[in-house]
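Listed after this line are the structures, all set down as structure tokens.
Note that chain A is present in both complexes that follow, paired respectively with chain B and with chain C.
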Partner chain A sequence: MSEAAERFAQFKLVLLGESAVGKSSIVHRFVKNTFDNMRESTIGAAFLTQSVHLAESNTTVKFEIWDTAGQERYKSLAPMYYRNANAALCVYDITSRSSFSKAQDWIKELKKQAPEGIVICLVGNKVDLKDEREVDEQEVAEYVEELNQEQSSAGAPAGKVILAECSAKSGDGVLETFNVIARALPVEDAVGGARNRQLRNKRSSGVDLSRGRQQQQSQAASSCC
Partner chain B sequence: MPNPSSLFPDSSNSSEVQDILFGRSSNRSLGGNLHDLSEAQISKLIHLKFDNNPITLIRQLSSDLTSKERDLILLRKEKFAREQLLLKLLSEYGNLSSLEIDQKLNTLKIDNNADNVLHDLIESAMDEHLNPESNPSINNRMSIKPTESYRLRSKSDQLRSPPERTSQVTSPIEVLSNTSSNSTTHNHSHNNNSNNNNNNNRSSSWLGNWFNHNDGSNENLPGTQGRPQSKSFSLQIGPFGSTSSLSSSNTGNGVNSGGGNGAESSKVPVELDSIKVRRPYEDRTPLSAGVDKFGFFNDMPKEAQKSNELLSDEEEGEEEEEEEDDDYDANTSGISESKPFISTLVETNDLEANGTYLSTSKAKNTVTSLDTLKQLSRMHDEKSKQYEDEWETFFKSLQRDYYYSSNKNKVKIENIPEKDQNNTFNSLYSSANEIFGLKGLNLIKLEKIINKQQPHHHVGHVPLSSDINSTSYFKKLHKLIQKMGIPPKYRSQLWFELSGSKNLKVPGEFDRLYNLSISSVNDPLIESNINQVNLDLHRTMPSNIYFNDVVNSQPGPNYYRLQKILYAFVVYKPKIGYCQGMNKIISNLLLGGGATAASNNEEDEKWSVNLTEEDIFWIFVGFIDELLPTYSKDFKDYNFFDNKSLLYIGIDQKILSDVYFPRFLPNLRKHFKTLNIQIEYITLNWWVSIFTENCLPIEIWIKFFDNFLVSLNVEILFFSISLSLFKNFEKLLLSISNADDIYLIMKNLNQNNSTKSNLKYSELMQLSKSFEKKIDGQEIESLRMMYG
Partner chain C sequence: MKKPERRQSMAERRPSVSVIPHLAGLEKPQDHSLKLDHCDVLILGTGLSESILAAALSWQGVEVLHIDGQPYYGDHSSTLTVDQMKKWSSEVNQGKIKHFKDAQVYIPGGKSTNKFNSKDYGIDLSPKVMFAKSDLLSLLVQSRVYKYLEFQSLSSFHVFENDNFSKNISSTSTKGDIFTDQSLSLVTKRYLMKFLKFVLQDNNDESKLKIIKENANTSIEDFLSKTYKLDTPQINELIFSIGLCNKPNIKTPEALLKIKRFLVSFDVYGNFPVMVSKYGGPGEISQGFCRSAAVAGTTYKLDTSIIDFDPESKVAKFNDGSAVKVNEKIVISPTQIPKFLNTEYQDLISSKNLPVYNITRLISIVKRDCSEWLSEHESSAVVVFPPFSLPTENAEAVQVIIQSGNSGVCPVGQSIWYSHTTEQNVDKAKDDLQAAFEKMEASILRESSTADLEDVLDEKDFIMSAQGTPVLVNSFKLGKSLQNFVPKDKLEIVCKIGYVQETLIDPSLSNILNASESNNISLADCKDSQDIIFTNMPTSELSYDGVVSDCKLLYSRITGTDDDFFDVDFEDDDEDDEYSSKTGNQARGSVPTASGMNHNDNDNAIADSDDDEDHHEPFGADEMEL
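== the complex of A and B ==
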């Protein structure tokens, strides 16, 4: 059994969303698997990294996470962070309608301003507070569907908005969300990119990348090895 | 001296073993060590003492070993925690860099020869003159082997004094207790060894323990009243009540004490207890343990917190210290007794794996390094004293000149009590006029007046101090602040004046604004700002007890102060409103500027006026209005916290990274370029939060804030501080070839212990000063035009 060499890819992910919807909490759940009721508010933007391993493609995806401040007045700084981002997590709080419309605004802005092909994920946080839910799941699903239909009718490539819900407090759905994003990211391109050090090392040690890629594709097609 | 052989059931046969055990054998360097015995001797021992059942012996030995191990680990952990605390104190109060401390510590010579060390310890213990009046509060608890129906009672009163305990604790080995028996109540004395001044038997002590051990069950006897007469003190190590005491030679005077159930173990390393830890910033409300002087919860492990607690408790006084120890001991021995063998072992391993305590060799060094630490703290105290004296002198000469100059100009000032030399600052301050003024600019005016006056000196006129010392007051103030910041006792009042708050403050206005903020909910602008404030209140310094009283699970006092200040500010400057970052700045001001800062002695108490939230509000307003950089565009000035300013702050980051970085830090710039690091990702956070957010630790920030107040060009200072933070870590950063790691380091400066401990005010200020000189305000202006 020949197995494809493990591959690495690194992506920049930016979190956007209204103040206090739980952006930092989601990141900390993802990166450190901790939750703190008393998290300090983020000023400017915080930075963390975390990797996920995609077993099916034997790929490790490393996220550079830029966790931006939610306050409206820092909005003008956001382009600095999503400028060259590969993925964006637009977070809203399911117990706050206004945060959902703010997340919609972010999606609009990203569609206009962000680099083409950015993976956008709309995440509803705080599902542990389902009794206080203000944002209807169905409604969000319809919104996203509509958005994605617009997208495809416009003939734009891919770029579908991913929909997710999670709770940073309980941990539900957090890892799953990042896994879904990792799968949606153009791992193939990034693997070939010059930014990946490990990969360059591999190349110099004689691993033929393109073959690895083909192998990977055939694997994906037949899903057997 | 009672015959030690009485310990043995068959004393006629035991003299040889006894000799061996008590180290009297001449052919062994360390008599009494079990491993030194011949096989025949060991089997004899087993026969005699353990009815031919070696299992008891082995069990006893291994349980002794484990308890030893456990005690050692606890000791090490505690030492480590104390040392850390001391280091922290030194760096916080002393501006001593960790490098300086390390260098000092490295000069220590440690004798690695155990024999020499032990010898010295014993010698010094022998020389101790113990105070017989000291409280013999600790009873020895002995365990008896019931099968032999020996009734043993400890008779050694414990007279402890810190230095001795110091020496004992560091010794891994103890000397057999030397007790004299009160024959009317006891059949036997135990552990008696009149030869304990012999170095060779030092190591025999813990072996001696197992003579008195059974396999776990103790019988405790009620004790008779004992009076401390002998100059002996005991050290008990191990959970089974094994006692060993180190005595001076004249133990003949009978000592009898209650055997009883006094659980004790003097394993607390006491040399540190004698260092009183002061917390000058302590609030009126007592701080709970594990909270630093600014009220931040330490991230210490529980064990360390406990020792910290002990340490602070001992501030209460000597007598109480004794009690504290007892409590603590009772506690731990209780725990250890109930702890089965295996679990102790497991715990041991866990601790080992954690590596949170000092390595064995380091633990050895602790005693000596602590002496050095003491020395360092003394040095530091002298240094700060010297520094305060400098301020004192400064104020005195300022006062004199101010007095004469205002008299000359017929400026009416309230009488300055010249006689009251000790009250220089107060009298200076109490005058109706502002001596310092905003940014200290009044000092420059004062100098002008003085200089004008000088040619008109008449004979007999008292020479102005400026005649002697021609340095200008403003420069002098600037220099003093650069050196170590404003001394805490002057800080609150100087903040108040230098920020311009004294002029800004309108009596009653603060309360009016606050009341407005609660009532005027129909103003959407204010309302939305209040909402923003509300979102952040509980997210501001949640790890500080003054903001988040976790003990009572309610907001702390500063939470409400912050709320009041921010609410009032939002009404005061609705156009600026609330901006994240303000919460951090105000919190730091609240912590540093008096609301919780109290000085550590009455003398200082007199000077320092605790700033109320009203004062802090006006200081904050002054800071925002008068001191922070402003940005002008199209003939309009934008406040630093104005929404529009973000753009210009961003431009300043461009200038920093594209102009000043290549100019002042070319290597770093090159390195960052290859790693594709964008400096503004790091520095923008610093700027918008005025270096509070994940940047400067509060104790350093406060001193930089002192500098902001007298800086004539704050933006230059912003640039130079940014550069010096990079310069400070230049070597480290150059050695890292991963962009992520560099971001992680530079974006968490005051979060990581390693970077935090490498931030020193004096070093940063030095660097910042050197950059400040090379940065030209005019150039910044033209660069802004270019990049804008």
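== the complex of A and C ==
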């Protein structure tokens, strides 16, 4: 399977931001390295997964990526969405001022709903449309600075709002964004956790239904007489 | 009736649909009013059945608009925080939430003595446990909704008898020792064995069918004592703990199915028959199905209710100022019925003469982990008080689900006791639940109280064993003292919540499993408009049995058939591959998919009578030894 020294860690990442800022496109670029101009507003049945390898610590960080599936449109995201989220990718469109102010609302929402210590990455998408830029990089930087100060003065766990820009269309900055997030995550705490969920399950009498399903089928096959 | 042909499935429609993003250009995100002008089916209420329905419909390409009058998911089966529960209770008492009544919230102590964080709690309005072999579990796997959830095993079942709790199952149980009393006489063992073999026999077996037919109207109690010569302790265990029945006079065929579902659920995923979902039961599972529905294109808007519907133009108006044309049906949960349909709904109930059943609940959050009742590494258990086991002479069983902090519903070190009864006299029901609470309170105090025993026993009561550990000799003295145990300690309580829920579903689920236009409101035509369908409130069942059947009734009524209920091929979607590398997300053809699932599993676990041959018998009668 893997070399003895290589380590695994798995994290849940949730997407947030106004509709049509390109949340799903970023994920599709990251996971499948494709871009579809007229994408349907949904991806997959469950969630997508993709890993990045951090060479310096020889660690593979696997993201379990949850899309909003449109439930953000009328602010109808379920508590389940935020539960146990390790990272949030809060997306705005650099060509839309309103999408940036909505992103700020989502960050407020995250502070209310998400677990403490969640890594938030505020990412401006569509940098391929530089000429239409409405959101000033400097302004975003100042906002994030302020946010991080607010957090540390409130005595909360080290504020980690990360700043990034990318283009899902060209692919610029996408992988880099996920790499930065991976480095900001508490990898040390979660190491060994490619099977995090299973380990967690074991400790708390959790049941792995996907495993049971296979087992169930093979048993059914062998005992059908 | 006038239903057109089946719509193409989502997969078929995808290529053309994908050109125009859903609602593209119409929406200003996070809008306060709905920005869509039509839908095929409008569903009001995000309870479990309604959420499964939304997902099933939208995966077949039906455009669903799913709204809820409350700002949270789950409707009548939601999982709520303490603060939400307080608000809910006051709304129930103001008559704002229909089909619930007599809500009481008791929070002892002042803010300084009873400190807790409301958000640390997830309280189920309609708590349930899931059998390892059941239609809902199959559906969770088939729909992949299980991926959003975490499940934990439950293997401890306690029966309260003669003022004491006995435990008949634990995580270390093997097939042979599900019965408490291992010192059964040989004769009893033989009969017990014979009975279990009979239960596990193929339901189509002629000799079995004959016996079932002959005993169609015999109570299970009589059947067990006459045909199998069993004694009260075994009978009680079979009926109330294994069968989770409410009454001793339940008819034999129904009880046999209930006993069987327990036995065949054993060893499917491990040495336990039942599971619970972490962080909450039906409320959590509803959220999972709503997410699945959203992925398939359902539009969600909470905190929104309908204020008008014109049966002619089929336009629904909402309290956010928007209006939507409904192409096909409106599905309405009983808690979400708008004023203008109230009379219609009541008329429908009285014209069909549908009886209303009460379910009385008492939920207690206590500052104990209750590990005494839990199997090792587990965080949930079931406690049953059979009829006439309580000082109140309870005519119906009181069933209790216990969940400790590790199940994610409360802080570690505490637990939630969900008790309910189907006693129809509400005052009597409340007394029964309170009596059961007191028995549990006394039991947990004495089992966890070591200090008090020292007062009762002195050194002379112990001898030293060869290993140097003290052994109690005077067990009579101990037993007596426990019977008369007066706790010095008090059980600290975070809060107690009581309420009564009404449902039109018979506790035996007969009007779901054999539903007809005359016994189930979901199948009845509304006078005002054939496009309006009312759903049912949650049942009194401790398990999820009936939920999927109920949902299929609704689905069939809307689409004309349930043949394609969740018949979705998820092959293209991501399969969580534990060892996927950077490019490991492609090329996975061999993953077992929904199409490979056994469709017979979708038949209700209680209702099924013909699927035996398709399944292994985990609790194989032939290997069984007692």
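One rule holds for everything that comes next: the second predicted complex is superposed on the first by the 175 of 225 C-alpha atoms of A that agree within 3 Å, B and C clash if a C-alpha of one lies under 4 Å from a C-alpha of the other, contacts with A are read in each partner's own complex, and residues count from 1 in each chain.
Keep this in mind: a residue touches a chain if its C-beta (ideal position, glycine included) is under 8 Å from a C-beta of that chain, and two chains touch if they have at least 3 such contacts.
All values reported here derive from a predicted model rather than from experimental measurement.
Peer 1: Does chain B (first) or chain C (second) touch A:102, or do both, or does neither?
Peer 2: After superposing on A, A:102 lies in contact with chain C but is clear of chain B.
Peer 1: On chain A, which partner touches more residues: chain B or chain C?
Peer 2: After superposition, C is the partner touching more of chain A.
Peer 1: If you stack the two complexes on chain A, which partner ends up touching A:79: first (chain B), second (chain C), both, or neither?
Peer 2: Once the two structures are laid over each other on A, A:79 reaches chain C alone.
Peer 1: Would you sort A:64 into first (chain B), second (chain C), both or neither based on which partner it touches?
Peer 2: both
Peer 1: Given the touch rule stated above, what does A:31 touch, chain B (first), chain C (second), both, or neither?
Peer 2: second
Peer 1: Please indicate which partner A:20 is in contact with in the superposed arrangement: first for chain B, second for chain C, both, or neither.
Peer 2: both
Peer 1: A:47 in the overlay: touching chain B, chain C, both, or neither? Say first, second, both or neither.
Peer 2: The answer is both, since A:47 touches chain B and chain C.
Peer 1: Check whether A:55 is in contact with chain B, with chain C, with both or with neither, and answer first, second, both or neither.
Peer 2: A:55 sits against neither chain B nor chain C.
Peer 1: I'd like to check the shared interface: which positions of chain A are touched by both chain B and chain C across the two complexes?
Peer 2: Residues 19-20, 36, 38-49, 64, 69, 71-74, 76, 80-81, 195, which sit in both footprints.
Peer 1: Going by the contact rule set out above, which residues of chain A touch chain C in the complex?
Peer 2: Interface residues on the chain A side: 1-2, 18-20, 31-32, 36, 38-53, 60, 62, 64, 67, 69-76, 78-81, 83, 102, 105, 194-195, 197, 200-201, 203-210, 212-217, 219-220, 222-224.
Peer 1: Okay, in this complex, where on chain B does chain A touch?
Peer 2: Listed in rising order, the residues of chain B that touch chain A are 532, 535-536, 538-543, 548, 577, 579-581, 583-584, 643, 646-647, 650, 676, 680-681, 684-685, 688-689, 693-694, 740, 743-744, 747.
Peer 1: Quick one: in the complex, what on chain A touches chain B?
Peer 2: Its residues touching chain B are 19-20, 36, 38-49, 64, 66, 69, 71-74, 76-77, 80-81, 195.
Peer 1: What residues on chain C touch chain A, complex-wise?
Peer 2: 14, 17-24, 27, 29-31, 34, 72-73, 132, 137, 140-141, 144, 146-148, 150-153, 171, 268-270, 275, 278-279, 284, 287-288, 290-292, 294-297, 299-302, 304, 375, 377-379, 406-407, 568, 570, 573-574, 576-582, 584-585, 592, 596, 598, 613-618
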